[in-house]
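What follows is chain A paired twice: with chain B in the first complex and chain C in the second.
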Partner chain A sequence: MFNGSLFWFAMGVLFVFVAWAFKTFADDRGWRLNWWKGLLALLWYAILSLSLYAWGTLAGEGEAGAGFKLFLIGLFVCIVFGAGLVRLLIHRPKTQAEPSPQ
Partner chain B sequence: MTKELIAIKEISPPPARRRRRERILVALTLLLIAVVWVAGAVRSESEHLPCVELAFPGAEHFVKEEDGLYSAWWDGSKPGFLGYVAIGVGDGYGGPVRVAVAVDRAGETVGVVIAGHGETTAWMNRVVKSDLLRSLIGKAHSDPFEIGADVDGVTGATTTSRALAWAVRDGSRAAALRLGLPVNEPQPPKIVFGIPEIVLLALFAVGYIGHQGRFPFTRQVRWGTMLIGLVVLGFVYNAPVTLASITRLTLGYWPQWQTNLYWYFLIGGILLVFTIDNKNPYCRWFCPFGAAQECMAVIGGAKAKVSRRVSEGLKWLPRLLALGAVLIGVYYRNPGLASYEVFGTLFELIGSNIQFTILGLVLVASLFVLRPWCNYLCPIAPVVDLIRVIREAVKEPWRKTKNDPA
Partner chain C sequence: MGKEKNSSVSRRNFLKIAGLAGAGAQAGAFVAAGVAAGKDSESYTGWESFNPGTQFFNRKPFEFDGPAHAPVGEVRRPSHITDYVFGRVRTFQMAYQVNPEWTLEDPIEDLGLIPELVEFYKRFPERLEWDFRTFNETVPANREDQEKYGNFFKLAEIYSSGFTSHGMHLPSPESPPEESDFTVSMRGRSHQLDDPAPFKSPELATEFFKELAHRYGATLVGVTRTNPAWLYSEGWRGCPDDYDFSSMPEHWEFAIVIGVPMEWDVILSSPQFSTSYDAYDRVSTAAVRLEGALKFAGYAARAHTPMTGYDLIVPPHAVEAGLGEVGRTGFCITPELGGNCRMAVVTTNLPMVPDRPIHFGVAEFCAKCKLCAESCPSGAMSMADSPDGMVIRGYEHWFINNGACYNYWRESMGPMGCRMCVATCPYSRKDNWIHDVAREVDPRDPTGVVSSSLLWMQKNLFPYPEAEEYRRPPTGRFASFREPPFYLEAERYLDLEIVKPRRE
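Coming up: the complex of A and B.
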């Protein structure tokens, strides 16, 4: 029932919900997203999911150990890249000081 | 004030400047396709010998007798003559399908190997995995090789199945002629004109009339044509316009008209209506995949708006994807090679993993965004844009002459 095609279809569906959730989360936090920040976030998600897919694919071919190592490398890249991405997303450019109410 | 004007100018260049830029881009695109076409022509001049060697079991030596015909031998000595291997050609969905057909001295087919094709990979894989090729072994050149008569086609890949069967017939007859066996002239194919052709012509007619400004009930009729397109052209016959069907034109692969009337009506109809009316009736009125997305939009209430700036940027994505797919198809002489459309994935559940992912993404995104595939991924829209620019460029000198006869 849950064959390869259905799995990849589900991954496509999941992608929309992840993107939607990310946009809502960013709006709630007051992050100012632009196209390149969105692209970087997409890249982060792509690295994370590809690491997982690679693990699954290699496990299916009887190379679970190699797959797990590849996944750990991908995870490491995701953590480092993710930390930088969060800093970038929460960063607000300095604007001119607003006049005091008085 | 001046700053504002400059800002507006940067976002939206004046029509004359934009037109000139568009024309330069179109000219460069056509030039690039022409260069790749020539490069691909040089590349495709390859021998079929590896396939020929695989086709004849037991043969160890092959001699090229003429173009597309090889004699097969045990070891090259006269008594060891086994038969011939001929390259037969059939008319497939993405251009000619070539098959190396091994025929023994009695005129019986003993081996079949696909030597080249332009079919979409997923469809060809489906045929290869079936029993079709094995069922063609043992046939004689005098057999009809007709799908539904003496050959069982593969459901959902009828054109590819027929192309393979006819390629084997073509090869076996060429070999039989060389063997001196009596070969009857092949019967001209029967004209295929049925429900899909009738429905398509009716949809074109309604689409053309519906585009006229004074037409009442536009909304209701459009929904009617879209649902008919979805069911008949989509789920029943899976016959939407694809980039492969346009790429094959650039390669000069014109399919046999008797068996491909639908294809001629579809491409010819779009070009005709577009030339006359400057409107594309297909995409808006009866594209089956467009209809599927609009149905999802009704369910989800699709209201999410993409900002104009993002939308302008994303406009280049399908253009680049379409150009890349055309260039790959032209270079490898295989129109379906780089097809990334997900029409067949929805209507026939055939496709690669990436196509299934895109399908899931597009269908769910359609709940929130109106026609995401059509706006941001479909390769047909850039082709229509290209035709529009060419049309305008051709029309302009006429218009000038008409306005200024002196």
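Coming up: the complex of A and C.
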């Protein structure tokens, strides 16, 4: 059930939905989500997802404790990276007045 | 207008809440998918459904022109009498039984051992002490432990015995190589080989027999030239004592090396619950099948296997055949199976194309890892940072005190043996994505940062019992590296009095 092609297709559909919701959320907050900021947000989500997947994989092979510790490491990276990402997303560059021609 | 606006905002909020719920669902699904990947039967390399897919590591980028072994001193062929620990201890014990008054303080010459063994013990006095201790102290103590705790490990012995009893029936050569290797035996009748099947090229012959080997049950297959320096110096199967063992039979020119893993969940429950015989039986069966196929194709062949006996040592041939690299443990560490690999060789005169040896970072990793040595209950393995200066039979590699190693074999419970160095080796891991990432990335990192990071994780995330815990009570508790699989739990199945060993 959790490793077939249908499962990963459904995960892909769900991810599109999540990404759409995040874009809506960012727009409503007034964040300027250009392509590279979007890519960074995607990377953040990928690290979090991979940490969860790794936890599950190690738990599946009977190393649940090691999996959880690995997840905590991934979570720590996500928190640090996420804090920087949020600052980047809420940051608005100051608009400078055009110099007078005279 | 106002109504329309409110409805629009509501839809956006709904989308955001649903997106958050979707992210939560994905989080749970990733964990569940991970669990499925970790449990996947296809991750049990060598035990899954289709064998040819088991040699999945691309060796090409790591190949180099051999040989992988360069002598650094005078090369001496291995001996059944001295180097082979089983034969050595048995010979010592038999001599001791004739002279039971002998003690370690007495001259070894008083035992009436053959001169080769006397010389060996003088060169390696620590082996003398360990071998003596094995049959004089450890075996009697183990008999008591079997009485007390044996039922706890009974299912592991039953599991192992199924493989042993089958493997014991595999045919072993009964006449010298010049005769038996050229004879096909079937249903009690023997006949000479037919004319050799003419293969279009050695490349195609190699390809064909590798494919057959996989289908006969081999997880890994490689080809090399047989090295006369790695033939036993005496005692080849089917040969009389006066046989000329000084030169290699010409028809042993090529060696097909095959490997099979021990069952993955069972090997992790080493030392007490695991067995070598599941892989011994399977690799021996595959090798005997391969020998039969070669002979029916008209080529001389002889299988050298754990169940039918060896006339040569296998690990260096496996290294030359590109199956892996020699590690601190002394055996061949392969990319797919790590150290969890039992091997056999089929020698033949079929012209083939040898594989090239590979270097994928084992030597560097072993130098800093030492997990096997730290976990070794007998302390038989070297803790040195480098094998520099450790010369064994003319070749430099990590030193292993096989007397101490064998001593613990006889102390342990369950099927005889230990295999802790196999179980603890970070390379001995299943075929799932998390270990595959490590397999692929580490050998491509010239800086060693990846291997150091992986090693840090291995040592800090995964539990490793103290080596002493594997010993017998009172100092130990007959611990296992990991819990045994459910089907080896005696308490679950047996209506017997079961005493679980504990530290006193």
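Criterion: the second predicted complex is superposed on the first by the 89 of 102 C-alpha atoms of A that agree within 3 Å, B and C clash if a C-alpha of one lies under 4 Å from a C-alpha of the other, contacts with A are read in each partner's own complex, and residues count from 1 in each chain.
The criterion applied here is as follows: contacts are C-beta pairs under 8 Å (C-beta built on N, C-alpha and C of every residue); 3 or more make two chains touch, one makes a residue touch a chain.
Computed from a predicted model, the values in this text were never measured in an experiment.
Enquirer: Since both structures carry chain A, what do chain B and chain C do when superposed there: clash or fit?
Expert: clash
Enquirer: If we overlay the two complexes on their shared chain A, which of chain B and chain C does A:Phe15 touch? Say first, second, both or neither.
Expert: A:Phe15: touches chain B and chain C.
Enquirer: In the superposed arrangement, does A:Ala41 touch chain B (first), chain C (second), both or neither?
Expert: The answer is neither, since A:Ala41 touches no partner chain.
Enquirer: Would you sort A:Thr57 into first (chain B), second (chain C), both or neither based on which partner it touches?
Expert: In the superposed model, A:Thr57 contacts chain C only, not chain B.
Enquirer: In the superposed arrangement, does A:Ser5 touch chain B (first), chain C (second), both or neither?
Expert: After superposition on chain A, A:Ser5 lies in contact with chain B alone.
Enquirer: Between chain B and chain C, which one contacts more residues of chain A in the superposed model?
Expert: Counting residues of chain A touched by each partner, the higher count goes to C.
Enquirer: Hey, which part of chain C ends up inside chain B in the overlay, 131-139, 167-175, 293-301 or 491-499?
Expert: The one stretch of chain C in steric conflict with chain B is 293-301.
Enquirer: In the superposed view, which residues of chain A touch chain B and also chain C?
Expert: Correct list for chain A: 11, 14-15, 17, 20.
Enquirer: Which part of chain A faces chain C closely enough to touch in the complex?
Expert: Interface residues on the chain A side: 1-3, 7, 11, 14-15, 17-18, 20-22, 24-25, 28, 45, 48-49, 52-63, 65-67, 69-70.
Enquirer: Show me the residue ranges of chain B that touch chain A in the complex, using the header's touch definition.
Expert: Spelled out, the residues of chain B in touch with chain A are 310, 313, 349, 351, 353-354, 356-365, 368.
Enquirer: Which part of chain A faces chain B closely enough to touch in the complex?
Expert: Chain A residues touching chain B: 4-6, 8-17, 20, 35.
Enquirer: Residue numbers of chain C touching chain A in their complex, please.
Expert: It is residues 12, 15-16, 18-20, 22-23, 25-27, 29-40, 43, 265, 268, 430, 432-434, 457, 460-463, 482-483 of chain C that touch chain A.
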